[in-house]
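Both of the next two complexes hold chain A, though its partner changes from chain B to chain C.
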Partner chain A sequence: MFDWVEQLFRGIWQSIVGLYEIRRGLGTVAMHALRPPTTEVYPDIVPPLPAHFRGRLALTVNPETGEHLCISCRQCERVCPDKCIEITAHKSPETNKLELIDFKIDHGLCMFCGLCTEVCPTYCIINTNDFEMADYTRESLVYDLKKLTLTQEESAYYFDRKENPLPKPKPAKAAPAAQGAAPAAAGKAATAEKPAPAGAGQTAQTKAATEGESAKEAETKSPDAQVAPEAPPKLSNDEGKSDEAKPENESGEGPRQG
Partner chain B sequence: MATEIKSDRLKTDEMIINMGPQHPATHGVLRLILKLDGEIVRHVEPVLGHLHRAQEWQGQNRTWFQYQALIDRVDYLSGMFTSWALARASEHVDGTEVPERAEYLRVLASELNRISSHLLWLGTYLIDLGALYGFPFYPFREREKILTFLEEISGQRMMFNYIRIGGVQRDPKADWFKRVEAFTKEFPERVNEYEAIVTENPIFLDRTTGVGVLPKSLAMEYGVTGPSLRASGINYDLRRFKPYSVYDKLKFDVITFDKDGDTRDRYLARVREMRQSNEIIKQVIDMIPQGDIMAKTKKQNAGLRVKAGEGFAAVESPRGVLGCYVVSNGSDKPYRFRWRNPSFSNLSVLPPLLIDRPIADVMAIFGSLDIILPDVDR
Partner chain C sequence: MIANAAEIRKFTILSWGWLTIIFGLVWAVSWLVGVAIPLLLANVQADWARLVTEICQVLTPLVAVMVFIPINAMFMVLAERRALALFTVRKGPNRVGPDGFLQTLADALKLLFKEDITPRGADAFMFTLAPIIFFAPSIFGALPLLAAVTNNHNLFQVVNLPTGIFYVLAVSSVPVVGIVMGGWASNNKYSLVGALRSAAQAISYEIPLVLSIITVCLMAGTLDVVKIAEMQKGGLLNWNILGGGALSGLNKYFQALAAGQADAHQMLSQYYPDWGSVIATVVLIACTVLLVGIYLTGACAEINRIPFDLPEAESELVSGYNTEYSGIKFAIFFLAEFTNLFIVSTIATVMFLGGGDCPLPDWLNPLTNPAVTQPVGKFFSFFTDRIHLIDPSTFFPAIWVIIKVYALVFFAILVRGTLPRFRIDQLMAFGWKRLVPLSLIIFVLVTFAKGAVRLHV
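Take a look at the complex of A and B:
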């Protein structure tokens, strides 16, 4: 019978509580006017990015000598989940050493996982802090060697920030050794008959065997690469694998020999 | 409260309406086929698969190393947990001992990620309820700080690829821990702010109290997990129920509610979970030991392999129990994957919750379940 009275009082009470709560919420919002803004004026102020930020991919050079650090080992090409890296290299007839001709990264395909930077033995391929890569066409997202390679100053900056070990000792004391080791390694892979100086060669062979690739293929393929001035741009996995073993030799033996 | 709807006087023809897939509140591309009687929902049919990316199949066509980088994309708001489930399952298969410091770092990174996931949920849920102005930016402000922390250790804000098979990717520096600690001290105050704005707000109460009541039995029938299950009063948290990693050394209680959970309880469960995660982070920073961050037997390069065998492991993700079943044949590629994604089970309980509710409640209920569509479709 007195339901309406009860309802009335309940309604009044609810209104009072509600008004109090709304005031509390609004007060909290209003207090934000007194705080410094947390937003950043982006195009004018670039946010400070951490050293290991995974931005645009780039290739470093030796910060001191300006020598390109890529040894065409194709590890990044092999590990890339999106197959967006394309390396063109050939064996130079004079030095019998792999020479980098072109290095293409399709940033339209890249998912910025950073796996290529993790496997790179010479810390050549890195993620820069650059993320402003918008462009007008898809084709312009394919960066070639010239566009990818950083200057000496930039390389020094990234080597310092990422705390990657500098390639200092190599040019200082192991530069001749590295040069000496490279032909040996290349020659070994090319003929696959020379006795391997270290266990590295064996591992390379076993790897090749496990991956269902016969050593003959490596033999037949690498002379081709020697004769032809340009390796075919679309390399099959086999060649990538046969080449993949070399940097381990080089990086493993170079300092030891020197 | 607007819980009782008298509709028998307003009988109309049923109308079929497609909600989504391009609907701003469906958190991705969910399509709901609603049969409406006036404003009342009489039948619901969720249509899934718009975001199907064959994540399991892709796993069989990539090496272990490559798949680790991909798997963060399954649940993009909590990538740490998918990585962790994969890592735990793989470690279970070949019996890898993970260094203790790596385990603590995993807990630390994951709890940070849990907070960031809940913060995003809080902001977007309030948008779903109509609070379009201002409020969503407050949780995003804190989320931004957390993402900066995670970016620093992993390299990216959301696709972390931080937790690896055998350990973690990178050891943070000492000042990183200090900054995280400073954040954990100010964070509870920020949660108080959100609660002052939202929790007792009469509009919020009207929209959520008694809406979308999920009884215990229904939740268990449909396999609902995570905060939605705990809000319904079931004391089930994998971190306590089956402690993995170092959770058995940490002090925290499972957040449960006494009654059948409605939408507001699910909101409260997540807010309390944020505070709880914050406490866990504090403990972890105090307890973290020195040492290795990667098992000696595992190398993070193309040669990463897992011994032949099968194994299952699950983690408590922000959305529920995230399980991963791995079959390995010892080669560089996984043989088979099977994921148990929490969002899928949580979404399947949506139709019974929506029946006989007005269409305005659809988003309130759907949002409260915290569903990520890539996690549903994989």
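Take a look at the complex of A and C:
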């Protein structure tokens, strides 16, 4: 009989509860105004990116000598799921080694999976931290060798940041093979010895002095072991012949790197 | 210390900067047209001079509104975006100008120069007419409120109507026609659905809106907005939001107490003679507080704001009735929407929040104290008496109106940041089953309670 009274009062009570809930929501939202914004002021302040951020692809040079690290092995081209890498190389008739002519990456196709950087035997192709690649045409997203190659300083920066092992020293036997280029080879050998102390320094920072010795040996050996099966033959081959053809080669590589 | 003090400070500086520009400009233009030109022509004994003076005085309100509306809409869009950014822990637009000060100016310029597209199959004439019909009422609706918000300044008495509030309500229901017209003429099903929703919603929520205004008019005994604003003078207790003037006896009693009158208690028993009047006062206070809630809800629905923005629900209809609009027509729709928000806030201020009245009662308010006002008045006498740039009886009320109106606008933004959108059946059910009966009940209650207590003594 008095159901409607009960309903009425229940309705009024529900309205009061609802109004209270709305007020609580308004209060919560208003209190949010006191929190500092989570926005990053991106173009003004670039956020810190991790070393393994997969940004624009680039080719490194030897941070010590400025020599291009690509050996035209085409592993990156083969592994690329998008087929966005195109390497042009030819076997030089004089030196009988692969010579890199052009290296094209279509960043419009690339999906930044980073597979190419994993297979690269010389740590040449890397993902940089740069991601500002917006451009006006699709054609300008195809980067050629000149656009891809980093400077010596940038390479040094990325080698240091990604903790990649520095390029292997040139085989010592190459030096006596060419007497004409002896001073250059000697200089190269001298610089090539540097990576080992640098590696020692890095490991010494993290590990105790006694352990550091063994750890250094282990670490410097392991990349060698990985690279050895593929790289050394080519490298030695490359090195042995390039010393003879050094003048032309140097002049030929100079502008490409620049 | 507040963690977000920097952003809040930026928002405050931005708001006050824009407000200074808006009202400085409106002030300068109205002074130029309404005061300076007639003053210059005062000594010219010629027919054309008298004609120009007449025209200027009639044109002043229109010019003031026309200058005010676009700049104000620009400010409100920017303020809304920045305030929403504050509520959602973001930064908001901060690239154009210092801290995004000029963002909406850039947006407006962009919209003006954008291509104006009429979709294929659209009724081009109606398509063009719709934004005009949507926008025009916001100008006409703003005019009668000018006298109320400037404390009946003689420049704006021209546009004051004895049936002011009804005129405003009548005009504010016209934009629906523009929306339906635009939705129909767009030749787009989303636009049409949005437009029809808008029509249904506006018709449903106009009833509680008008009933709440009627109730206030019933308590005040007049439809004239200037008179309603003048009745509420004398502090917070006189405002319509607190019992529609039922507490003004209490206000008088406090005043007498503060003055140290011996017969203060007699005064209280004079204004509230029996328990009936006390109960009536309590009922009136409850009713008027509810009325403000009903009014704000109805107004939100009337101007299609969140949580009642079903006509342009982005997640359901692409952009509702203005889907097909671009360029300057879209800009006009946008302009009118924000102007309508300003107008409903102004109506709420005039009808419920005392218009240009200081919340402090007169006997506490330093601005009504002659010891304060006379030296200041002497200092500004050149501006007040010689060139009539400042009218103190208008200046301070106008500032109070500005503060109250933008507080309400800020509240609307807060609501927008909090509440989700209604579903259409919930909207209809809430409107017809809750708000309409509630406002009718309040109307009847106020009719009876009004007889038991003296209002606005």
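Definition applied: the second predicted complex is superposed on the first by the 166 of 258 C-alpha atoms of A that agree within 3 Å, B and C clash if a C-alpha of one lies under 4 Å from a C-alpha of the other, contacts with A are read in each partner's own complex, and residues count from 1 in each chain.
Here is the rule we use: a contact is a pair of C-beta atoms (placed from the backbone, for glycine too) under 8 Å apart; a residue touches a chain by one contact, two chains touch by 3 or more.
Computed from a prediction, not measured in an experiment: that's the story for all the values here.
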Taking the superposition as given, does A:Ile22 touch the first partner, chain B, the second, chain C, both, or neither? both
If you stack the two complexes on chain A, which partner ends up touching A:Val5: first (chain B), second (chain C), both, or neither? neither
By the touch definition at the top of the document, which applies to A:Ala134: first (chain B), second (chain C), both, or neither? neither
Between chain B and chain C, which makes contact with more of the residues in chain A? B
Contacts for A:Ile45 in the overlay, against chain B (first) and chain C (second): which applies, first, second, both or neither? neither
Once the structures are superposed on A, label A:Ala33 by its partner contacts, choosing first (chain B), second (chain C), both or neither. second
On chain A, positions contacted by chain B and by chain C: 22, 25, 28-29, 32, 38
In their shared complex, chain A is touched by residues of chain B numbered 62-63, 65-66, 69-70, 134-135, 138, 141, 144, 148, 151-156, 159, 161, 170, 193, 196-198, 200-202, 300-302
Residue positions on chain A within touch of chain C in the complex are 15, 22, 25-26, 28-30, 32-39, 41
Could you pull out which chain C residues touch chain A in their complex? 2-4, 6-8, 83, 85-91, 414-415, 417-419, 434
Please name which positions on chain A make contact with chain B in the complex. 14, 17-18, 21-22, 24-25, 27-29, 32, 38, 49-50, 52-54, 75, 78-79, 81, 111-115, 118-119, 127
